[in-house]
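The data blocks that follow each hold one structure.
Paired with chain B in one complex and with chain C in the other, chain A is shared by the two complexes that follow.
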Partner chain A sequence: MSTFLGYMLVAHIILGLIGIGAFYAVWMGLLKKVPKLAFLFWASLLGFLSFIASWLTGGYYYVEYYGGAVKPIIKAGEYPWAHLVVMEAKEHIFLFLPILATLVFLSLALLKETALLNQGIRKALAYVVGFIVIAGIAITLGGMLISGAVR
Partner chain B sequence: MEWHTFLIVVHLIGAALGVGGATFAEIFLLKAVRDGEIDPVESSFMQVTYRVVRVGLFLLILSGFGFLILYRFTGLEERLYSPLLWSKLSIVVVILINAILLQARHIPLWLGSALSFASWYAAMLILPLRSAIMPISYLEIMGWYVVSVAVVAVALSIIRRSLGIKF
Partner chain C sequence: MDKKLKIVNSFIAGAIVASAFIAGATIGGELYKPFKDWLAGTFYHHWVGKGVLSVAIFLAVAFVHGFIVKHPTEERVHKSLLVLFGVLVLSSLSILLFFLYEFKISH
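And now, the complex of A and B:
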């Protein structure tokens, strides 16, 4: 693997973690008695940008390196399911995250502080953000399983 | 400084802040609810402590994934399938979910406290104890973890009763 591709992989992992962390903070913030819109907005913006950047760096690594160099090793190794099941699932769930992140970020950008006092709006946003965090953790762990299968 | 050493230092600082913060969060909570209400000073102490725990968790997760990246680039990928590593990851996920459940008030305080307290100590102790407990399976570690949560819950309940505190 070239140094540049190595950087892409590291950036993909770290940006993904930052995105999950930012949306975890949004989730916690939405569950507070009095949520602070400014905090939620900036945290969701950070999460949104991180997921987009993680999407691009991960996508570049996948297209340029994973498919040709890593996938055949995993499929011929002890844990072919790491690609056949985990990577296939990861690829599809991964597509949801930046879209849902955009939805949450735009909602918080367009909402007014008083709208967050509406329990229905907060609950709906908390469910979407909760899904983002749980899906993010799941595909992070999936990424570890895939990396571990490269031997 | 080599990457491995740097990551160990950051990981240890994260674990120290997390375990220390979780311990003091419990102590402050016990002190605060002793008279039946949490006053603003007690509340501010607890807020600061929770912030320290969050910083510890952030450092622990980031440095933890730093190790995983290092293993990937140094040909030590087999370590990514270690039962100890997956137990630690599972316990960190429990810490994250427990914090959400506590914030949403969807978990009794006695259980949330016991989970937080036991999970932080378990996350800190798993890897240093590896030479003493290996070979061990993921399910065995998680079984011991569940037992430790139950023991901590009972111990905290005894302490609360002896102090005349009701949750």
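And now, the complex of A and C:
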């Protein structure tokens, strides 16, 4: 693997973790008795930008390197399910995240206090953000498992 | 606020349809190879194709929805978010269970 692809992979992981951390902060913020709109806005913006950047860097690595160099090794190894189940599910469930990150950021940016004062909207938004965090963690763990399956 | 509720509600609708599309295109592409091949041939890689199309659907549905639903209420936005959450859970489980099933029958 070239140095550039290595940087892309590392950037994908770090940016993804920043995105998960940012949305975890949004999730916890929405569950607070008195959420702070400014904090939720900036955290969701950070999460949104991180996921978009993680998508682009990870996508480049995946399309240019993973399919030709990593996938055949995993499929021929002892743990083919690491690609056939975990990677396949991970790469597709990941596609939800940039769209959801955009939606959460737009909701907080446009609805402002309404998103927090209306208990129904706030709770439902917390469900969606909770999905982002849980899916993000599952995807991260999947990535670690896939890395282990190559060795 | 009415206009902002309308925009948010439209983007929620876009996210619902895009999420369902991702699950449908993922499973459909595995069951009907010509579709997956078309995605790969048109967008360089099938995964890139699903990503580009899901974003296009997200934006297009939001745009069209804005013309159809004129005055959404806060209650409507609340319910739309709950529908989105349900679609996300179902779509994710469908993708995971489909690949588990495919692996099971091929090994």
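Assume the second predicted complex is superposed on the first by the 149 of 151 C-alpha atoms of A that agree within 3 Å, B and C clash if a C-alpha of one lies under 4 Å from a C-alpha of the other, contacts with A are read in each partner's own complex, and residues count from 1 in each chain.
Going forward, a residue touches a chain if its C-beta (ideal position, glycine included) is under 8 Å from a C-beta of that chain, and two chains touch if they have at least 3 such contacts.
Since the structure is predicted, the reported quantities are computational estimates derived from the model, not experimental observations.
Once the two complexes are overlaid through chain A, chain B and chain C fit side by side, free of any clash as defined at the top of the document.
Looking at the shared chain after the overlay, A:P80 reaches chain C, while chain B stays out of its contact range. In the superposed model, A:L37 lies in contact with neither chain B nor chain C. In the overlay built on the shared chain, the residue A:W27 is in contact with chain B alone; chain C does not reach it.
Judged by the touch definition given at the top, the superposed model places A:L49 against neither chain B nor chain C. Contacts of A:V10 after superposition on the shared chain: chain B is touched, whereas chain C is not.
Partner contacting the larger number of chain A residues, of chain B and chain C: C. Rounded to the nearest 10, the angle made at the CA centre of chain A by the CA centres of chain B and chain C in the overlaid structures is 140 degrees.
By the document's definition of touching, of the two partners only chain B reaches A:S147; chain C does not. After superposing the two complexes on their shared chain, the closest approach between C-alpha atoms of chain B and chain C is 18 Å. Chain B meets chain A in the complex at residues 58, 61-62, 65, 68-69, 72-73, 77-81, 89, 93, 96, 99-100, 103-104. For chain A in complex with chain C, the residues that touch the partner chain are 55, 59, 62-63, 67, 80-81, 84-85, 88-89, 91-93, 95-96, 98-100, 102-103, 106-107, 110-111, 114, 118, 120-121, 123-125, 127-128, 131, 135. Partner chain A is touched in their complex by these residues of chain C: 1, 4-5, 7-8, 11-12, 14-15, 18-19, 22-23, 26, 44-45, 47-48, 50-51, 54-55, 58, 74-75, 77-78, 81-82, 84-85, 88-89, 91-92, 95-96, 99-100, 102-103, 106-107. Interface residues of chain A, counted against chain B in their complex, comprise 6, 9-10, 13-14, 17, 21, 24, 27-28, 31-32, 130, 137, 141, 144-145, 147-151.
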